[in-house]
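These notes open a run of structures that come right after.
Here come two complexes built around chain A, the first alongside chain B, the second alongside chain C.
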Partner chain A sequence: MVKYALQRTFYMIIVFLIITLMCFVLIRMLPQPILPPEDPHTKVIELRREALGYNEPYLVQFALFVKNVVTKFDWGLSEKLYFGQDVWSIFIQKLPASMIINLYSIILSIPIGIAFGIFAALKKNTWVDYTISTLTMVVISVPSFVYAFLIQYIFCYKLGWFPFLMKSGTDWFSWPMFVSMIPAVMSLSFGVIAGFTRTTRAELTEVLTSEFMLLARTKGLTKTQATVRHALRNCFVVIVPGIFGEFIGILGGSLIIERIFSVPGVGGLTLNAINGLDYNIFILSTCFYTAIGLAASIVVDISYGFIDPRIRMGSKK
Partner chain B sequence: MSMTNQNYEHIPAEKFAFVQDDQYLHDTELKTKARGFFADALLRFSKNKSSVIAAWILLFLVLYAIFVPVFSQYSVNDKDKLYINYPAFNEKIADLHIGILDGAKTYDSQNDTAMNYWRGIAEETGKNPVIRTVRSHETEVKQRGKMVTRYTYDLEINAYYALGMITRVLSYSEFDKLQEWQNETGIQVIYPYVEPADISGITDNANIWYKCDSKGAAILDDDGNFIPAYSTDPARAGHPYNSIRIPGDDGSYVYSSAKSGAVSVRLNYYNYYIYINGHAPSYLMGTNLMGMDLMCAIGVGARFSIIFAIIVSAINLTIGAVYGAIQGYYGGFIDMALDRISDILSGVPFIVVTTLFQLHLAQKVGVVPSFLFAFVLTGWIGMSALTRKQFYRFKGQEFVMAARTLGASDRRLMFKHIFPNAIGTIITSCALIIPGVISSETSMTYLGIVDLSSFAGTTIGTLLSQGNSSATTAPHAMLWPSLFLGLLMIAFNLFGNGLRDAFNPSTRGVDD
Partner chain C sequence: MTAKRIVALLLALVMCFALVACGDNGGTPVTSGDSNTPANVPADNNGGETPADEEETPAGMVDTGESYIYKDSVSTLASNWNPHTYQTTDDAYLQGYIDDSLYSLIFNDENHPVEGKETFDGYTIVPAMAAEMPVDVTEEIKAEYPQFGIPDSATSSYAWKVKLRDDLQWDDGTPITANDFVESFKRLLDPKLLNFRAADYSQGSYVVVNAENYAFQGSSTFVAGGMTSSELLASGLTEDEIYIDLANFWGITYDDGTTYGCITDDTMIRDPAVEEGQPEDYVSPKYLWDNYFAPGMPYEAYATDYVGTLKTYDDNYDFSNVGLLATDDNSLIFVYKNALEGFYLTTYGMSTSWLVKTDLYDDCLVESESAAGTVYSSTYFTGVDTTASYGPYVLSDYQMDKSLHLVKNPNWAGWNYEWINYVHPDDGETYQMYETTEIDCQVVEEATTRKQMFLAGQLMGYGLQAEDFDQYINSDYCYKTPAETIFFLLFNGYEDVINQREAAADFDATTHDLQMQMLNTFRRACAVAIDREDLAATCSPSRQGGYGFLGQTYIYDPETCAYYRDTDPAKRALCAFYSVNVDDFGGDLDAAVASITGYDAETAKELFQEAYEEGIELGYITDNNGDGVSDQEVNMVYALSAESELYDKLIAYFTESFDKATEGTGLYQKIRITKSAPLGNGWSDGIRNGLYDTQLAGWSGATLDPFSMADTWTRTDAAYWGQWWDANAHNMTVNINGKDLTMSIRAFAECLNGTMKTVDGVDYNFGYGQIDTDTRLEILAAIEQEMLLSYNCVPIMQDAGASLLSQQVYNVVEDYNPMMGRGGIAYMRYNYTEDEWNEYVASQGGTLQY
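Presenting the complex of A and B:
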């Protein structure tokens, strides 16, 4: 199992490097922004560009880039949006907002999603099941900005319960900040709840009809006992990796929700970098999102093995 | 007895009779028509009620996207500069006073000055902007030592009528043309010029035509009527006026004001709109931030989205099918090598792909092709995985072996023998890919990473992003595109699920 995990990680790093190389070269091929001649930072950035080999072949540039990142954790300076500032420190400032909002959303939505899923599966083919399944279907189909708008219009404008946009500042855990985060958290949660409801329901209905459930009932367990001890455990083999995947995903934030509620997070930073053509921030965001995506898939795969011994045995072949 | 009939060899045909002629035959060929694979799937599909409803909704939305922009009076290029974010309105339906399509906006706490302002517009244009009084408030205010009761009202105002008059500078020829049109149609567009001195110099609001104080509060005569402040100074007139005059004009009112080679005139915008466009404003879903007719704009945007999604799906389907076929058929090293390539491509975040393609290619090949490339670059991976799986399933089966024994080439085996077996699964998943493409396309245009408005006129994503910036003042501009997109997504997904269930009955209910 450990060998498998290491193998996967090693493989992931290689894939990550290849993707980064591709994006890096494509970004460096673009014309570089013209620096304001008067600014004191311009001299510094020009010297840095010289040192980073902007006139060298792309592979050399990439090697220097990787060397700087690995040895000094230096991702370069912002050349447009935050002129002359260190990209990594800007990025770190933006991370907490995204993370906290996603964290709240996951804490809220995973239990609700699983509960709905269990409920629907137990009441299969009744109106309860149909209602939950239809709602799940609707929520999964509709893009998130549609219900972000509904939440913003109903709760923030008509009822006036929450502020329109997220409060600025860095007091992440104060009460006003929490209240101002609620609309964004709600908008994020709908999709997650629907996703978990769907998975749980699908898994649980399948498990409930399997033969060991019949055996469990035959040997005298009550329905509750059989469901909690046998059915749920089995369906968690699929759900728990999903939860791990979500937790990795919290770093990423959501571009759309962050924009609607003006959350000062990494999603907004990425969008600004794209619109403002700030390449160094864009490279960092690219690496970040790629890494998150790859890490989530790897964590999901490995966690299957840790949770279910049968899968672990299978990988030993 | 033995002599009666010995000639067994030449029995005439008419002597024969069916033994079971009047009985039911149980071993005949089935008389029912053979039902093919697709007919069978269609039958299963039509039993799934929600999918059938979804299919009808989908059909409606697609027809909407095709026909509404064609038959609409408006096009996406008709951008009214003043009717911006205005609610839904149609004059004929508004006249019925049934509370819909009346261009209603709510105005809170309107005091006397404001009430007179609305009355002024109603009296001058003949179209009353006040639809109804929602609520009236009574407040006691102390004024010069006495308690005075003040009334304020919450009103529903017809935004189109409330716009009232505007001031425009017209050239002489435009002015003459407008007068001619007035004479032909009898619709009054040009209204008399108002003497600025009589309205306390309030020249930035063309709706004040009566004597008022510096705050715009009307000064009424003893009967409570407005005192007109129309100019009667012939020296003001910039250009002769020989057209219809407003009621109450004894021929002395001046209809224009000289402005260095041109005239400044007060125009009734509602009627001016009819002059410009040839018809009264009729926005069944209201207008958006750009002054476009939302109904038409949604149709145009959706048309683009649907066509784009179908093209993307078709390309991805082709690439994915060929790629997956090669992977699945050959297996082994080729499978592994190709799998690594798709692994790498699928790791690149979509937003990064889109951005890079836009930055590199948009100048050279255009925005839409580069957007298309971004979708194609990673979009086929899911399809290839699906095809690969199907090929692994079928390639060891007897009919493939039989075909191979007969000498069929690899390509023939792949595309004539195995692929047709997998086609049901592949086609149905295409129905589920289309909404995914629409959703990503909408997100990208919503976020402004891709700007398609010069090519497609507008897109649903652009409309949503424009609507979002005024979501509180004009929620309809966000509501209609959202509703359309939401319905489209739900209908497509339900339809796709129904199709999948119909083609592969074994997977029914796995994930819905």
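Presenting the complex of A and C:
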């Protein structure tokens, strides 16, 4: 298993470097805007472009980039959006807000989603199941920003229960901060709850009708015992990787939700970096998400082996 | 086995979070001072008393003990408000709050009257950081500092001495001296820093002498020659000295990024816009010269913009040659490349927004290695710890992309300015400016959120969106702010292209027509068929009817805040265009102008019928069935930039107006406006090339220089109608000092903007300072009148925005002034303290009515 993980990690590094090189070259190939000749600032911008090495060959630029990252963990300075500031510092400043909002959302939504799914599966083909399934479909079909606006209108504007925006500051675990995050957390949670409800219901329904469940009941287990000990464990082969996936996703942020509730997160950073041709921010966020995505795939793969002993990692048989 | 699995899983999880953990500079996401402590308070071990520690309020600052918080919102929060590097208006958000200027504009209250102006109807220039108005020292500086190159003939307006106040200081109490200004300017221009704002001093009217040479030392730049190729060659330049602007003419650069090339260079450069193997996939500067710009070649005339010379700046230029000197702690001398005086000198020439706290600035410089060498950046003004204030407020809290907070700066010298207290125009009481004690600015990107927050009393203002107009446009709290742009309806007059379009295979000339719009009668009919005020109220309620080429906001004399539209020549031009006889109003020009609506349904009907008959006669349209109505629809294609509800409303309104005006004529229900596909920014070229017929377009800018707009209207490369209506080919006559002068409209426009023109052996220059202002106004009004009568377009709408202001505050000045706005935060007063406001909002059920 360890050998398998190390092997995957090695491959991950190779893939990571290839993706980074591709992104580096492609973003630098985007043409810089032609500058108006009559603008006095044109001269300064041209000189700065030259000083920044934009006119050097791409491979020379990439080599220097890799050298700086590897030797000094220096991801460079922002050249447009946050002029002159260290991009790693910017990224790290913006990451906690996204992480915490999404973390709260997952903590809230996974138990609720799984509980609804179990309840619907156990009450299959009753009005309870129909209600939960219908609501689930409705929630999945509507984008999260629609809930965001509704939540903001009802709970923040009409009822005045919560502030419109996430609180300023970095007291991430204070009560006022938590209260200010609730609308954003609720907006993010609906979709996740619905997703887990649907998955859990579908998997559990299938497992509950399996022959081994009949055997379990035949040997004398109660319905609860059979469900908890056998059915749930089997359906978690599908659910648990989903949970890992959600945890990985908490680093990604949500562009729309962050906009609506003024969450100072990483949601729009990559997009803004591309639009603003801020190379270093784009490269850092691309590297970050690439690494996260690759790592997530390893975590998910390995997690199968823990949930279902029949799945063996790295086995050639 | 289980242990191995757990180890493997842990390894994988660690990888996920490794990137998060490996940074050594994270975890400080907010730079924050104490909520009521000014920025840059020195560490408490420096032995000095910090401003925040001072218990006594400085002598000048009024502290009522009440809290008045201005709650603002922005879509994008500044990330860098460094006065040397900022680029966008977002970045300039803090300017005016944390900085100051040598001279300020204030409203003309009772204590500062302006002749001929009601109080608060104009403004006056007063010393701020300066102790007194500037003194002209041109003669002395010319004699003492020959390196500044002041012309021998110049006796005034090139060098000015400014005496500074002796109580200027930063928010931490550090004194500001004249030498700080000089050192700041030196850093601004420092060639290794490549500061964006350094370029502000290299071109234009406010150039400090030799600033450009210092900032760009050791580099070269392309300079357009402003001459045709023949003229360039005749000027004595050799071919080795002539260059082409490759980037802007052909969209190419050399591999090393160089944007210009010598016309003798035959290095082939790949043009990425052309497919490999196609003609001109590779071009060289020599090729471009030989085939486009050389004498006799088709683009010879365009050489004025794209062909020129190379300017090389000397290495190791000494800063002592730059025209900013500190002669003692309180005395600054500015030396300009061009003569400068009055309003422009104090307001723009002596803008010292580049003042920085040099020790902090130097600490914030960051060196980084690039593929081309070392490049410098700065973190100055990117957070509380790196921001130093010398204005009325100081940054106390900042979170990137989230919020910022400002509190009053007790160490601002301005609290002791003579003009800091003003007399209220309504109650006659004297108040100190800046009643606002704190400013809180949040990022709120969504308009719906802003609106809800405003209605819940959490924001001070809300810019109305299209869907809000019906509900709020007539609110007592709604303020309309006029903008410069006049939107006019364009007509296509490009006959060759119109004929080509009609000849196209898919054009059915039996049912459609494009040519009628070229008729002057038709255009005049359209002009009077539209009720401008009703159109604005229906389609865009924040705006209002537009009648001339220049709107209400243009100031021709900034010294006295005199508006062009208020002058007699401008009024007479409107009366002439709209055929209003002043004698019918007893000679009262104001009454005559006030009567103008631009709408006359009866005249429109007569003109449309006249146009119909003219069209039949010219063969543009037919009436084969003899019913007295055109067989063809006159089809005008509206050049759409993007789909929008406003365009739909406008087109529907125009169509309805034309239908109403053509009722009973041969064009009844025969004028149709159809939308093009969305063209983005390409719509303007589409109009200029005659491929589309109409748009509601306009120009903005130059609020303080309406004369420069005449240049835009008459330039063939700028005007929308430049391809088919040449202002060089249309003459007009203006009486100059009792003598009629006849020139082309274009020549008058050029002359009005400083170009010398010779007529009958007499030189004429009507530029700024060359002739009296009244004559310049007469010429400008005459050009405007001629342009209106050309009917290339008709003015329709004056641009404006509308916003709601919170019930918590009010502006001392209701009427908008293009220079002063409504006074901004300096003149804003509060109806409620914070506590009172919260109670009031709660008493209204949490939602306010506006």
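Convention: the second predicted complex is superposed on the first by the 278 of 317 C-alpha atoms of A that agree within 3 Å, B and C clash if a C-alpha of one lies under 4 Å from a C-alpha of the other, contacts with A are read in each partner's own complex, and residues count from 1 in each chain.
Going forward, contacts are C-beta pairs under 8 Å (C-beta built on N, C-alpha and C of every residue); 3 or more make two chains touch, one makes a residue touch a chain.
On a predicted model such as this, the values are computed, not experimentally measured, just so you know.
After overlaying the two complexes on the shared chain, residue contacts for A:Phe149 are found with chain B and with chain C alike. Contacts of A:Ser133 after superposition on the shared chain: chain B is touched, whereas chain C is not. By the document's definition of touching, of the two partners only chain C reaches A:Ser303; chain B does not. In the superposition on chain A, A:Arg259 makes contact with both chain B and chain C.
When chain B and chain C are set side by side, the one touching more residues of chain A is C. Within the superposed three-chain model, A:Ser141 lies in touch with chain B and out of touch with chain C [touch as defined at top].
Residue contacts after overlaying the shared chain place A:Ile193 against neither chain B nor chain C. In the superposed model, A:Val15 lies in contact with chain B only, and not with chain C. Look at A:Gly293: by the touch rule set out above, it reaches chain B but stays clear of chain C. When both complexes are overlaid on chain A, the residue A:Val185 reaches neither chain B nor chain C.
On chain A, the patch touched by chain B and the patch touched by chain C overlap at residues 149, 152-153, 157, 259-260. Residues 15-16, 18-19, 22-23, 26-27, 29-30, 133-134, 137-138, 140-143, 145-146, 149-150, 152-153, 157, 198-199, 202, 205, 255-256, 259-260, 270-271, 274-275, 277, 282, 285-286, 289-290, 293-294 of chain A touch chain B in their complex.
Listing the residues of chain C that touch chain A in their complex gives 1, 4-9, 11-13, 15-16, 19-20, 22-30, 32, 79-80, 82, 85, 87, 194-196, 198-200, 202-204, 215-216, 219, 221-222, 224, 245, 247-248, 251, 255-257, 259, 272, 305, 366, 368-375, 377-379, 382, 397, 399-403, 405, 442-446, 448-449, 452-453, 455-456, 458, 846-847. Across the complex, chain C is touched by residues 1-2, 4-5, 9, 12, 31, 34-35, 37, 39-56, 60-61, 64, 68, 73-74, 76-77, 81-86, 88-90, 92-97, 149, 152-153, 156-157, 160, 164-166, 168-170, 248, 251, 259-260, 262, 264, 288, 291-292, 295-296, 298-299, 302-303, 305-306, 313 of chain A. For chain B in complex with chain A, the residues that touch the partner chain are 50, 343-344, 347-349, 351-352, 355-356, 359-360, 435, 439, 442-443, 446-449, 464, 467-468, 471-472, 475, 478, 482, 485-486, 489-490, 492-494, 497, 509-512.
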